[in-house]
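In the two complexes below, chain A is the common chain; its partner is chain B in one and chain C in the other.
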Partner chain A sequence: MFQIAIIIFAVLLFIFGVVVFVDVLLAKKNNTKYHTKQVITAFLFILPAAIFAFFFIALPILYSLGYAFTDTGLFEPDGGKFIGFENFKAAFEEIKNGGTLAIAIKNTAIFVVLVVPLQITVALLLALFCNVKYKGRTIFKVCFFAPVVISLAVTSYLWLILLDPSSDGLMNTILMSFGLPQQEFLRNPDTTMIWIVIVSAWQGAGYQMLIFSSALSGIRKDLYEAARMDGCNAWKRFWKVTLPGLKPTLLYILITVFIGACRIMVQPMLMVGSYDPKAITISYFMYGQAYDFPYLVGYSSAIALLMTIFTGTITFLQRKLLGEKRK
Partner chain B sequence: MVKLLLKNIYKIYPSRDKGPSIFKRLFSKNKEEKPKDFVAVKDFNLEIEDGEFVVFVGPSGCGKSTTLRMIAGLEDISAGELYLDGQLLNNVDAMNRDMAMVFQSYALYPHLSAYDNIAFGLKIRKIEEKYTDDKGVEKVRKRHLTKQEIDEKVQWAAEILDIKQLLNRKPSEMSGGQCQRVALGRAIVRGPKVFLLDEPLSNLDAKLRTSMRSEIVKLHQRLKTTFIYVTHDQVEAMTMGNKIVVMKDGVIQQVDKPTDLFQYPVNQFVAGFIGTPQMNFFNVTIQLEDKKSSKLLMTFENGESVSLDINKMRKIEEKFLDGEAHEVILGLRAEHILLQEKGIHLYLSVSEILGSYTHLFAHFENASNDYIISINEVSTLESGTELTIGFNEDKIHLFDSESKQSILEGKK
Partner chain C sequence: MKKLCLLALPILVLTSCGGSSEKDGGQDSSGNTIVKVMFHVDGQSEEGMAYKKRINAFNSAYKSQKIKASADFVARTQGTTSYEQVLISMKQEGTLPSIITFDSPNCSTYAHYKLVVNVDDVFTEEEKNEFITLNRYQGKTYGIPIQESSAGFYYNKTIFAEAGIDVSGYTVENPWTFDQFKDVCRRLKDHGVATPVDMRLDATRDETATYLLYPFIYAAGGDFVDENGKVTGHLNSNASKRGFQFFKDLVTNGYTSYSVGATDFFTGKAGMYLSSGWTIPDLLHKYKKNRDEWGLLPYPKDVTAASATGSWSYGLTKDTEAGRALLKWLSTPESAQVITDATGMIPAHKTLGNDYEINSAEYVLRKQLELSGTPRPEMVGYSKFSAYFANIINGIYNQEVNGVVDSFTSSLQTELDKIK
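Here is the complex of A and B:
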């Protein structure tokens, strides 16, 4: 297996060399201001990052791609046989029969559908709140951004304590002090995913808030003034100036949040765990298939490939439908 | 009649400076030291009649744009009153003032086409419409304009501004001049009571600026609405406005017609600001030859003097005619200095030939300060040539050397 990696690496290095060579030739032919030395220097700057990217991104992807068509197990990485599309067939079969994968897909879909609008709306509202000038807004910004910096494991555990279903749990204590009934929270199959959505949106919104904030400060002040002169009140100014100004950022955030949401795994794993059908998601299922019994790395890779194709397609469609038309 | 009245308007920005640090305050003798607020506009009084083209002109930071923005409602008025048609506007929001503004940066909505930019205000605002209800009572209702009405108005504006071919383009696909036309279109299409233009031509190149200048004047003649135009360019002010407000440090210096401003500046600042090339200022002393005579002896800094007939001049303040010598500032425009056989001697530094006329830069002997003389011919004079200059009494301006105010009588 190691030899294969070396061969792939050598091939890619060769391609890299060819690109450099062609670029040098093109630079000479087109008589650009760049000299051969400059072009080679430029590529040498890229090389360390390219090597890193190869070992930690390209190689795992290529391996995973290869595993998807084999029956490789976790403990025999070299022992897998080529079995064609069997893994994919099995995956579709499981979906059709309503197996755990089908449940995982359903849970992931619920999560994505709820978390994407919620997280983006919250992030936008927070950004608007922080965009107005008042004393102490930096404190708010820091507070909103704090969950992003804290490890997912920590925040998940924190919420686990807050959402303790026993009568001693913080949330339950508060609810009961108002005379409201005790809640099961994560233990109730109807609300498990909703709570995971809330925790995830709370955790992630701070980062998108920061991006929205910088985009908001990039919208020219004179456009707001022109809108005021044109008779727009604050609400109309938001719809007619702010939102169109945020469109490229909104698209970027939509795509990244969507992709992130599709990969949801840590929160269900830490907050519910044991591959519980209440909260199992595609990534969690994939992880379980490969690193837990039955250790089916090949099957897991096939699902990963399917998921990549799915998210890729959706992202492409989002860009096509919502993105600016290219001239 | 749409009349705009600005009464004792002030704009004061509170100081951002939090004052000296606690240590400085501890050791400072002056314990009462407080950060000073910045007064951008000071006691601004102006009446603007219906259909006037008023230009606010002055160097940057003189408060002209701030005043315009206060009229627009984009800036709060710190003190004073602003009336439109007798209605106090101080607390009326910009969106309800029925004014349109053209910005220096055009401020076109980048995501909308030229058509939609122009139609924007029409789509947002509602119009009042009279109607008779079932019982025959006349009532007023508000409604949005129909698509057809909007289209008619946009096409009308596009026709006037010659931008019909640009209507489908986005601002990023248009040049600066085209953007400015669209911005003008957006302003005129609503038919507001007052147009506010904040240095609309500053971002355009010189050639385009000249042509747009005349187009804005034509637009004003056609619409016959009140225009308030802000510029730092005195040429723009002189060529466009029929009332010019010259400002400096937030204070109005003079309000007048362009020709009067040129001929009868009230102080040295206005005299120097209006007109190209800038007016020449000489430090001179004046003294009546004797109390009964009408001859005024004017002595220049090089010791040479000329005798002026005060009957040919505009009337001079009495206190300067007491027979004593008074230090004053003589203002002379470049084109009013005459080259002649007898007079004051200057030495040529350089000459700038500008086609049919020439600017001669000359100085007193052993002095470096240059004065400009404009002659209507192509000069062949060489540097260092001695020039003898004179002037007509009726063309001179005299300013008090301390207060810098004109000591000659204004327009009769």
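Here is the complex of A and C:
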């Protein structure tokens, strides 16, 4: 396995060298004011990041692509044999038969549909709230951003304590002290995904808020003044000035939140666990197939590939549809 | 020179973090053959210290034979899966110690994937008969229990006396029935006990719920899997469903719930508490409850009697003379006694643990193990089974038993069919 990695790395290093060489040659041919030394220096600066990206991003992706067409298992990672499209066939079969993968797809779809608009709306509202000048604004910004810097595992456990369905649970203690009935929270299959959506949106919104904030400060003030002079109220100014001004940022946030939502795994894993159908998602299912029994790395890689194709297609469509309108 | 020292410092730090340089199967500077063993607990814990004690005794005893045991401790803090991943990584790297410890229900999986080897000829038939249970796969022995465990219903004697419930006739030799169990729950509820019994239906995030609840399915006449690894027709048989229905009935009647507080039994809010032997030290030391305040009742029976068994086991990963010697040493009654003295669990040997006071909690657990102990299903992919069993328990919360069990049996079969 290690030898294969070294061979691939050597090939890529060779391609990298060729690119540098061609670049220098082209520069000379076109009489561009381009110094060979500078070009080589520039590429050498890129090299550490390229090596890092190769070993920790490109190589695992390449391996995963390869595994998708084999029956590799974690118990014998080098013992897998080529089986063509069998893993893909098995995945579609499992979906068709309503197996766990089908449930995972359904849960992921519910999560994406709920979390994307919720997280973006919350982030935008928070950004608008923080964009108004008032005393103590920074404190609010810090509070809203705080969940982003805390690890997902920590916040998941915090919420798990909060949402403990027993009478000892923090939320239940508060509810019961007001004479309200004890709640089941994550235990109730009807509300499990909703709580996961709430926790995820709460955790992620702070980051998008920051991006929205910087985009908001980039919108020209004279546009607001002109709108005001034209008699636009605050609501109209938001629709006619703020929102169009945020459109490129919105597109970026929509794509990143969508991709992130498709990959949801930590919260269902830590807050529910046991591959429970109430909360199992595609990524959690994939993880379970490869890193828990039956340790099917090949099958898991095939699902990963299918998911990448799906996410890529949707992202492309999002860019195409929303991006073209921008023009 | 200063620069050289600074350069050497990280190298020194890195090498010192690397642990023992002794290689399993290799030789140390004194010419001793090194045999490594990996334990699943923290080396500084009571249990860890007990293992160290036995390793030191082994090294003294085998000094003349030039065999030296070396112990690694990988505390299983993140559940079975993460511990299993450590084992798999070690296997891939070729650094798997000669002896490993593993949770006994995983024996079939590890044997199937050749993580552990057959140890039948390491022990004589007489020695093997010494153990209450052995970990087998396809009729062969692959795991030797370190200790045993069983569970039962801890009950609050004060609450029972106040409610006028006499359970003295429900002994381990003559267990109560499902109906008698429900009747006791009803009387506790009528007496005003908020939660008559904590069945640990909430403990589905790890192995706890499966370990505590699977005997009810056997007791109802059900089973889980056949010798070909098929769960269809077994996990979802009518008898198995009757076992699951028993849990559902308890919830429906308000005798138990999925949201019992972790301390409800200890603070007198729950009348009974289903748990293993590990609760005895908690009751005695953590909650300072005298033995006359609580008692232990056996599992109730239906068409048959069944109770929980199984703990951690030793497995041999490669068949070497040194490995065999250490495995035999760790499996002796002397070793078992030292370890169970530290853990408070039941010894795995039939000759040990026979001196408990009649009807004490320890006696009930030990005797129950002997009379009705039924191991968890021997199957490749037990961890998947356990997760699906937990999912059934979660599923019957608001759905009919029939549909839930059928649906999960079908999904589990799909997972098990993926086994190579």
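Assume the second predicted complex is superposed on the first by the 320 of 327 C-alpha atoms of A that agree within 3 Å, B and C clash if a C-alpha of one lies under 4 Å from a C-alpha of the other, contacts with A are read in each partner's own complex, and residues count from 1 in each chain.
We adopt the following convention: a contact is a pair of C-beta atoms (placed from the backbone, for glycine too) under 8 Å apart; a residue touches a chain by one contact, two chains touch by 3 or more.
Computed from a predicted model, the values in this text were never measured in an experiment.
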| item | value |
| --- | --- |
| Partners on chain A (chain B, chain C) - clash or fit | fit |
| Partner chain in contact with A:188 - chain B first, chain C second, else both or neither | second |
| Partner chain in contact with A:225 - chain B first, chain C second, else both or neither | first |
| First, second, both or neither for A:197, with chain B first and chain C second | neither |
| Partner chain in contact with A:247 - chain B first, chain C second, else both or neither | first |
| Larger contact residue set on chain A - chain B or chain C | C |
| Chain C, chain A and chain B - angle at the middle CA centre, rounded to the nearest 10 degrees | 150 |
| First (chain B), second (chain C), both or neither touched by A:163 | neither |
| Touched partner set for A:236, first chain B, second chain C, both or neither | first |
| Shortest CA-CA distance between chain B and chain C [superposed frame, angstrom] | 48 |
| Chain A residues contacted in one complex by chain B, in the other by chain C | none |
| For the chain A and chain C complex, residues of the former touching the latter | 71, 73-77, 90, 94, 97, 99-100, 165-169, 172, 182, 184, 187-190, 272-278, 291-296, 299 |
| Chain A contact footprint on chain B (complex, rising order) | 72-74, 93-96, 99-101, 103, 105, 107-112, 120-121, 124-125, 186, 190 |
| Residue numbers on chain A that touch chain B, as the complex places them | 220, 222-223, 225-233, 236, 240-241, 244-245, 247 |
| Interface residues, chain C side, partner chain A - complex | 81, 84-85, 88, 91-92, 109, 113-115, 202, 204-206, 258-264, 381-384, 387, 390-391, 394-395, 397-398, 410-411, 414-416, 418-420 |
